[in-house]
Each structure stands twice: as structure tokens, then as C-alpha cells.
Amino acid sequence: MKKLINDPADYVDEMLDGLCLAHPGLRRVGDDRRAIVHSVAMWPGKVGVVSGGGSGHLPLFTGYVGPGLLDACAIGNVFEGPTINSCQDAIAAADRGAGVLCLFGNYGGDRMNFEMASEFAALEGVETRTVLGTDDIASARPAEGHKRRGVAGLIFAYKAAGAMAEAGGDLDAVASIAQKVVDRTRTIGVALSSCQIPGAAGPNFTIADDEIEFGMGIHGEPGIWRHKIRPADELVDEMIAMLLAERPAGVSRVAVLVNSLGSTPFEELFILYRRAAQQLDAAGLTIVRPLIGPYVTSMEMGGASISLCFLDDEIEGLLAAPADCPFWKVG
Amino acid sequence: MAIDVHTLADAIERANRAMGGLTDQLNAADAKLGDGDTGTMLARLIGSFAAVDLQNAPDLGAGFMALAKTGAASTGSSLGTLIVTAMMTAGKASAGQDAIEWNGLSQILLAVRDAAMARGKAELGAKTIIDGLDALARAIAGKDDPAAIAAAAREAMDQALLEFRERPSAIGRARMFAEKSVGLDDPGMLALAEIVRAVTTNHSATALA
Amino acid sequence: MKKLINDPADYVDEMLDGLCLAHPGLRRVGDDRRAIVHSVAMWPGKVGVVSGGGSGHLPLFTGYVGPGLLDACAIGNVFEGPTINSCQDAIAAADRGAGVLCLFGNYGGDRMNFEMASEFAALEGVETRTVLGTDDIASARPAEGHKRRGVAGLIFAYKAAGAMAEAGGDLDAVASIAQKVVDRTRTIGVALSSCQIPGAAGPNFTIADDEIEFGMGIHGEPGIWRHKIRPADELVDEMIAMLLAERPAGVSRVAVLVNSLGSTPFEELFILYRRAAQQLDAAGLTIVRPLIGPYVTSMEMGGASISLCFLDDEIEGLLAAPADCPFWKVG
Amino acid sequence: MAIDVHTLADAIERANRAMGGLTDQLNAADAKLGDGDTGTMLARLIGSFAAVDLQNAPDLGAGFMALAKTGAASTGSSLGTLIVTAMMTAGKASAGQDAIEWNGLSQILLAVRDAAMARGKAELGAKTIIDGLDALARAIAGKDDPAAIAAAAREAMDQALLEFRERPSAIGRARMFAEKSVGLDDPGMLALAEIVRAVTTNHSATALA
């Protein structure tokens, strides 16, 4: 797999340099400069919202740093969690005396690193809370929902938590809205082709020319089941049915994200969205603020995911609040 | 003869040399159900350990803490963070001491095991590196001869791998494929076993001595 | 090549339906509904700005319909020009009595179709002007600049023409600013891997695993020369040198677009941008409003292009004016 | 016997049938230096022509105009638009007439050639379909026997392909590869030659009669 890169060892740092050059509102901080912050002044007493994860998922994670979204983000090597130190750097950068929410995907390494960083932060008097994204319905049964990993749906939690923090919510309020959004967000993805880690000898996985895989992880972890490739409408029907099986009672409005895992073009996303919109409409759900595009990727992986965030008035209001980062602008 | 910073430095150097041949094997083990990076991550972490100037550390506790500090700056993987936790735990247990006796090693490994369980939110029996640590700590308990400890350690790791191979994984990525994990080694436990082998074999007595 | 689609014959229409469902500000018009318009009211007497081209290039062409950009856009099948009728539909939809600028890439078919449509429009009393995007420096020598084809740099002309029309410029003013931007915009692209037309038996072209191709057309037309793959920085240096060879005298500011042809991920674009920014800085050029992302694609084609728009005060002001379409929001 | 809407409908039906075997050949010719769609585009355009009810057109001019109208709604390719231009030109030339004489065909083709040159901004000699039209129109000038016209037409197209094959292209995508185009047929000219062959061969006399 060809890539437009230099030495693979410089991939992440050159990428971050380019990101910050292109978006001068972002800055690299910390000893190894693996935490990203934005330069819009945070008022003293604002709760900080931070995230973190591996590289290779742009716009996730660092691309969502900006007013109304994340205040800081720790970033690791490709598909690796950020180091404990980078997590500390991000927490420290986001602290304005009112505590910091650590909001990231449910992966063991990321969780442990943020926990250790949080313990160090506590020693320095910074209070933290942790909320884990657990939207991938393919990764555990509903009864074990807390074991699910976090994928594309995490950005809805970013948006709501960021808006709550901007609105002056305290740490408990920010953490609890993030948790509420996580609890009401579900994602299912289907992969068509692999990505390759820069410098690796081969692709992360292989998949036959006529097959697709449901529930593939965003690092290329094996999926849950394979299918022969089928028409897009059939796939969407299957995906929407799985997502709606976990629809909370009384919900009539949803936010929708049809996400490219990387190389799947906009044209195909709109074909998927068309069917998803028809099916959600048939299920009596009104779509609010659909997002269609590459929002959470695995470099050049082929495929798409669909995320639903089941709304209530509070979440809907927070999703509509102004926010501004390199890849998502609201209001 | 006891365990001091030189023992520690020597063990790390051996482990580091062994990683050359282990990286692909451990990546392959992880790729079966995980993301295929256990070897690469571990090689980088141990490489960063090898670059730490342990010989001049004021005492053994400080040596472990220096490793923890380096690890915190250089790894983001689950296994790496558990190893950082282990170094911090060992560092606390040996704080201010120039050396610890061989018969104190088991106690430290048990503390490491417990700290890793707390950090990883993992139970014993979940088929992780922690079960390897547990087997190791128990096998060398009460022993004070380095050669005997080395032999018991290798033996315990072989046993642990064998015993857990046919059991399902209950944690981490492999959890999602609990059934598929039957018959496979846990990459973290395999890594521990191979490193124990590398550190204890050949010049094993002198290595740990 | 796997695709998330239904019947290839429905590809374009389902895609357009999805686009309009996701962006209710857009609507399909015309007999075959192959012209896209936006629903923000155009004041009577505003000059219309229309474009058109084949499908498979999203966000181009239809994705740039919106206030401050295009008023309407004709769209053809994948990599085919729009029909004469669709061009007529777009012109008619954009007409508010002050004439319509037809602004599109320099391809024979598109030009002929818009010309025929313009002749029909003239019979109905609608005045039109045509400006052709000719930014691809690989497609002809500087002396034959008017023969060059249009690629990614076209969006700078959209932006300036759209802003001039919003500002009340008459048809001559809108056409002449579009022409000025075209005259000051240059693009060079490098392809790594092919795309495939939906329903086609194979990819549009083949390229060896260790080769890249300069000057590949956006429909997969053969490029101008092939290279062994090289480090990104070397490629960028070569590309920037080619672009700066046509730098007009006295220019000190440039707008930059680092564009993904499709499957090349954001990470690589930022690595390219980092080097491009360094080289432009070294050449004494100040970068204004860099754009980094998939702005003009060929479905899943791998590769990237770099476009420079050499600014003057007038163009810079127009690029900064408010605009809003599904893929590009300014102000 | 002259050229009327039935002659036109018959020619289109033959061309349409021939496209089945020509599509890939023409795509391949275009793929060498262009975007590889000449065959596909032409097949769709002629397919849409074949669906037009010519037999009930009020006169020949109206028949040509109906084809032009269908083409305007169904093609976006360069060649397609040139063909639409051709239909409009032929429609204007035969407006209100039930039929035209065979010896008038050359005159109409010359008008078509000129209209295509204006539309395509192409000179004679640029190695496009226009050079084929030019050769065709000149070869049949003054002839009024359908069989003789058919033979001259085929002969002229073969000659034109042969003559232009070794010359560089000066227009369209192939222009960028002028040197590489030497030795290759222009896809548009090749398409014209094959269609002329399909329309005139076998039952050629009756086809054009």
C-alpha cells in the first residue's frame, strides 16, 4: 500500500505539525508535544474536556479540539494509545480550576493511561472524571454494554460535553451529560478493505474480494461476522435494524452520522444515507443534524459506519450549540 | 549476592536482546484476535528501558522508578502501561534499598500482580499476563537460590501457558472472541514467558545473580 | 473494487437523493432532475453562477451549491459531462434577470454542452458568459495555458465569483473575477492508485506498486510521467517548484489547497501541507486560508494535488466573504 | 428511391445492433490516451436514438430533430454532443422535406462537418471524427447510386483511418500525448468508420435504399 509519507517514524509528528500549521488555532504542548490544545482563551472556572487516542483516525481525536468541543487531546502513535505523560499534559492544559472530564473510547490501554494520569493530576489538586465511549454494538452484547469499545459515535459525546462545559456546567454536569450521550449512542460499521500502518510490511488484515466484515475494530481488529458483499440498501437495512433494536423507549428524534472509515467516497455515503433516512423515517424517527463524511477513520480503510444518537431535548440543544474545530463547525 | 541495579540492568539488556527475535512472534500472537502490536510495543518499551542509565541509579528503588518514568513517556499500550505499573510497584517496594534478597522477589511479584489487577480491572483466571505473574510469584516463593529460582520460573511459565491455552479469554480485545481464543496463547502471558526464558536461560545463574 | 452501492445504473440518482436528503437546502430540478439548486432566495437582479460536470468528484461539482458559491449545478453520470438539457436546467434555475456565468472545467464535452445550452438560453433572453477552469499545469505547457484542463483549483474561482455575485457585481464583473482567479490558479497532482467506475469490470488504470503518476486526469486519463515512489517531502518539493515556476510577478500571498483525490487520508495531506508550507514560506509567500481535505476527488482514487491561487487584494477579499455549502463554510 | 425517415430508422437500427460488438473496441481505443468511454457513451446514445419513434415523424427534418432532442437529454460526452450537433444540422437542412435525394447526402455531410468544426473548435487535420466526416462527404460527392455510395463510404473511411493513424492528435485529451497518439486510431474516427461499415455492409444496398 503506497503512502505519501516520509520516514514512518516521523509520521505522527509531521502530521501534527502540518495540522497545527494549517490550523494556527491549534498548538502542540508537552515534553514530546503529543497533546494538542486550542488557543481560544478558556475562562477560569470552565470545566475542561479532554480526549485522547492513537493516531490514524483523523478527524478523531485531535481534530475535534476547538471551542465548544475538546479543550485538549492526547495523541499516541498510529493505533496506539497516548502515553501516560501525554494524558497528563492534556489534562494539565485543560485545567482551569473546575476539574477536567476525560472522555475517550473504551480501550484498555487508553483507560489505564488516563487513569494513571488522573491519579498524578489528583496529586496536583486537579479533579477529573472519566467517561468512556462504548457505542460499538458489535463489540459486546447489550447486557455487557459497558464492555463495548468506542467508535465513531464518540463525537456526539464530545459535542454535548463541550457545549455543557461552555454553558458553565460543573464537572458533574459535564460528566453526566457525556455519559447520557454515550448511553444513548449506538454505532455499527462494515469494513471492505484494510489499512496499513506506516512502515508495516503489509495490510492490517485481509478480506476476500467479494466479502465485507461487520464489526471490524477501528484498528483493524477482526470483525464479528463476514458476509458476501450485498447491495447497499440491504446492508443499511441490516445495520439500521441492529441499531434500532436498542432504541430507548419514547424517543422520536435521532442524530445520525454516516461515516467513512477512510477510502469510501462521499458518493457511497450518500447512497447509504438515503436508505438510512428512509428506514428511520419508516420507524417514526425524525433525523436531526445528519453528518455524512469522514469523521472517524482508520487511514485508508474501506467501509462505513452508521451511528445513531437517540435524542432528548437536552442533548438536542447541546448538539445545536456553537462549536468550531477544523473538521466540524456548528452555528 | 542479591538483586541490585546491576542485576536489573543485566536482565533488561538480556530482554532487550531477546526482543529482536520475539517481536514478530508476539505480534503474530496478538494479530490472531487483537491488533497485532504486542511485540512492537514491547520491543520499543524495553528498548527505552535499556537506554536508562541504571548503573548510576542511587538505589534499586530509584532504578525501578526511573524505568517507570521512562515507560510513562514512551508507551501507550495496555501491556506497556501494566509494565509501568509493575515498575512503580517494585520501585515503591524497594524504595531506598540498595538491593533485595532473592527470597524477597516472590513478594514483590505478588505486589506487582495485585497492582496490575487493580490497574487492569482484571480478575485472576481471565487469561492475561497477570495469570503469568501469579504463577511466577507462587512458583518461586520461599526459594533463595538464583539458579533454582530461574528453573522454577521457566517451569512455571511453561505450565501457565499450557494450562491457560485451552481456556477462553475474558478481558481485552480477545474477550469479544472468547471461543476463538481457546487454543491460543494470550500474547501478554506469552511475552512474559519468553522474557523470563531470555532472562534466565544460558547464563541464567549469572544473569540473575 | 468493492463498493457500497446498489444497481450501478442508480448510482448517480441515489447519490443525489442522499445529498439532498442530508442537505435539505439543496434540491434537484429539471426533467431528469440532474441540476442541483439551493433554496436560499436569490434577489432579483443577482447574477447567477452555475457549474457542471460529471459525477464521482464530490464535493465537486454539486457539493459547492450554496449561498456565496454556486447557484446551480448540472451533473452528469460518473465521469461524463452533464447533458445539454441539464446545463439548460441549471442556467434557467440560476437566472434572475441579470445573466448567468457558466464556470466549469475545460473539458471538450462540458464546454460544447454548456455552449449549446447557452445558445438555447440566449433564445429565451438569458445572457450567459463562460469561464473555463484551466489550472492543471500538467495538461499543457504554459504557452498553451488555455488548453489546460480544470482540476481542483476551480473551487477558488467558484468562491470568488460567488462572492462577487453576492456583492452585486454585474455579469461582466463576475465573469472577469472568475477569469482572473483562473489565470492566477495552478494545480499539480500525483496519483497512487486507481478508481473504478461503478459497474465497470475493472479499475480505470493500473499502476505498479512502487510507482506514482504525475498529471493523471481526474477521470483517470493517463498522466504525464511516472516516478518510482519517493518520500513525500521530495514529491512536494518537486510539485511546489513546478507551481512556483508560474508565479506571477509581485505576488506575496497565496491561497493553498492540499486535496485528496479520494482515498489518501487526512494524515498524509497534513504531512504534505507541512512541507508545502515550509517551501512557500522559503519562497517569501504568505499562506492565506489553507484548505486541506477531500475537496475534488475521483471516488476512491489514491493521491493528492496541490493548488495555489496567487492572490491580490481583490481576490483575497472575495475568498474571505461569507459562503455556505455542504462542504465549505466561510465566515 | 431517396432517404426518408424509414432509411434513417433502418440505419439507426443497424448501428444500434452493431454497437453490441463495438462498445469494448471503442472503449479500448479511447482508453489508450483518453478516458475509455467512447464505446459506452456511443452505445447509450445510439440506444436512445433507437427508442425514438421515427416512423411516425411528420417529415425527415422532424425525424432528425427528434434525434437531436433525445441526444440533448441523454449524452454529455464530446462525441455525443458532436452527434447531437450533426442531427440538428441535418434536421435544419431537411426541414419540412419528406425525403432527400441520395446525391444530396454529401452536401448535408459537409454542413455537418462545418457545424461540428464550429462546435468542437477543431480544425481539419486535427485527427478527429471531423476528418472522417470530411473524407466521407468528399468521397460520395456527385454519386447518386446507394450501392456506389456505400462502397465509396467504406473505402473512404478505411483510407482516412490509414492516413491519420500515423499523424499526431491535435485536440481533446489525446492532444496532451500528441507523440504517443502516432500509430493509434482516433476513437471518434474509428467509431464513425465502424458505424459506416455496419450501416452499409451486407444488405448495404437495401440498408441505404
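Labels for the chains are A, B, C and D, by order of writing; each one numbers its residues from 1.
Operating definition for what follows: a contact is a pair of C-beta atoms (placed from the backbone, for glycine too) under 8 Å apart; a residue touches a chain by one contact, two chains touch by 3 or more.
For clarity, every value in this text was computed on a predicted model and none was experimentally measured.
**Q** What's the chain with its C-alpha centre farthest out from chain A?
**A** Using the mean of the C-alpha atoms as each chain's centre, the farthest one from chain A is D.
**Q** Determine the centre-to-centre distance between chain A and chain C, using the mean Cα coordinates as centres, and give it in whole Å.
**A** 30
**Q** Averaging only over C-alpha atoms, locate the centres of chain A and chain B and give their separation in whole Å.
**A** Taking the mean C-alpha position of each chain, the two centres sit 32 Å apart.
**Q** Where the centres are mean C-alpha positions, what is the separation of chain B from chain D, in Å?
**A** Centres of chain B and chain D (C-alpha means) sit 78 Å apart.
**Q** Can you tell me which residues of chain A touch two or more of the remaining chains?
**A** Residues of chain A touching two or more partner chains: there are none.
**Q** Would you please write down the residue numbers of chain B that are in contact with two or more other chains?
**A** Within chain B, no residue contacts more than one other chain.
**Q** Draw the chains as dots and join the ones that touch; what shape do you get: line, ring, star, complete or other?
**A** Topology of touching chains reads as a line.
**Q** Under the stated touch criterion, can you name all the chain pairs that qualify?
**A** Per the contact definition above, the touching pairs are A-B, A-C, C-D.
**Q** If we count contacts the way the header does, which residues on chain D are in touch with chain C in the complex?
**A** Interface residues on chain D, with respect to chain C: 33-37, 41, 71-82, 84-85, 119-120, 171-173, 175-177.
**Q** In the complex formed with chain D, which residues of chain C make contact?
**A** So the residues of chain C in touch with chain D come to 31-32, 54, 76-77, 79-86, 107-110, 112-113, 115-116, 139-140, 147, 204, 217, 219-222, 224.
**Q** Where on chain A does chain C make contact in their complex?
**A** 2-7, 11, 14-19, 21-22, 55-56, 58-59, 63, 190, 192-193, 209-210, 212, 229, 231-233, 235, 262-274, 277, 290, 292, 294, 297, 299-300, 302-304, 329
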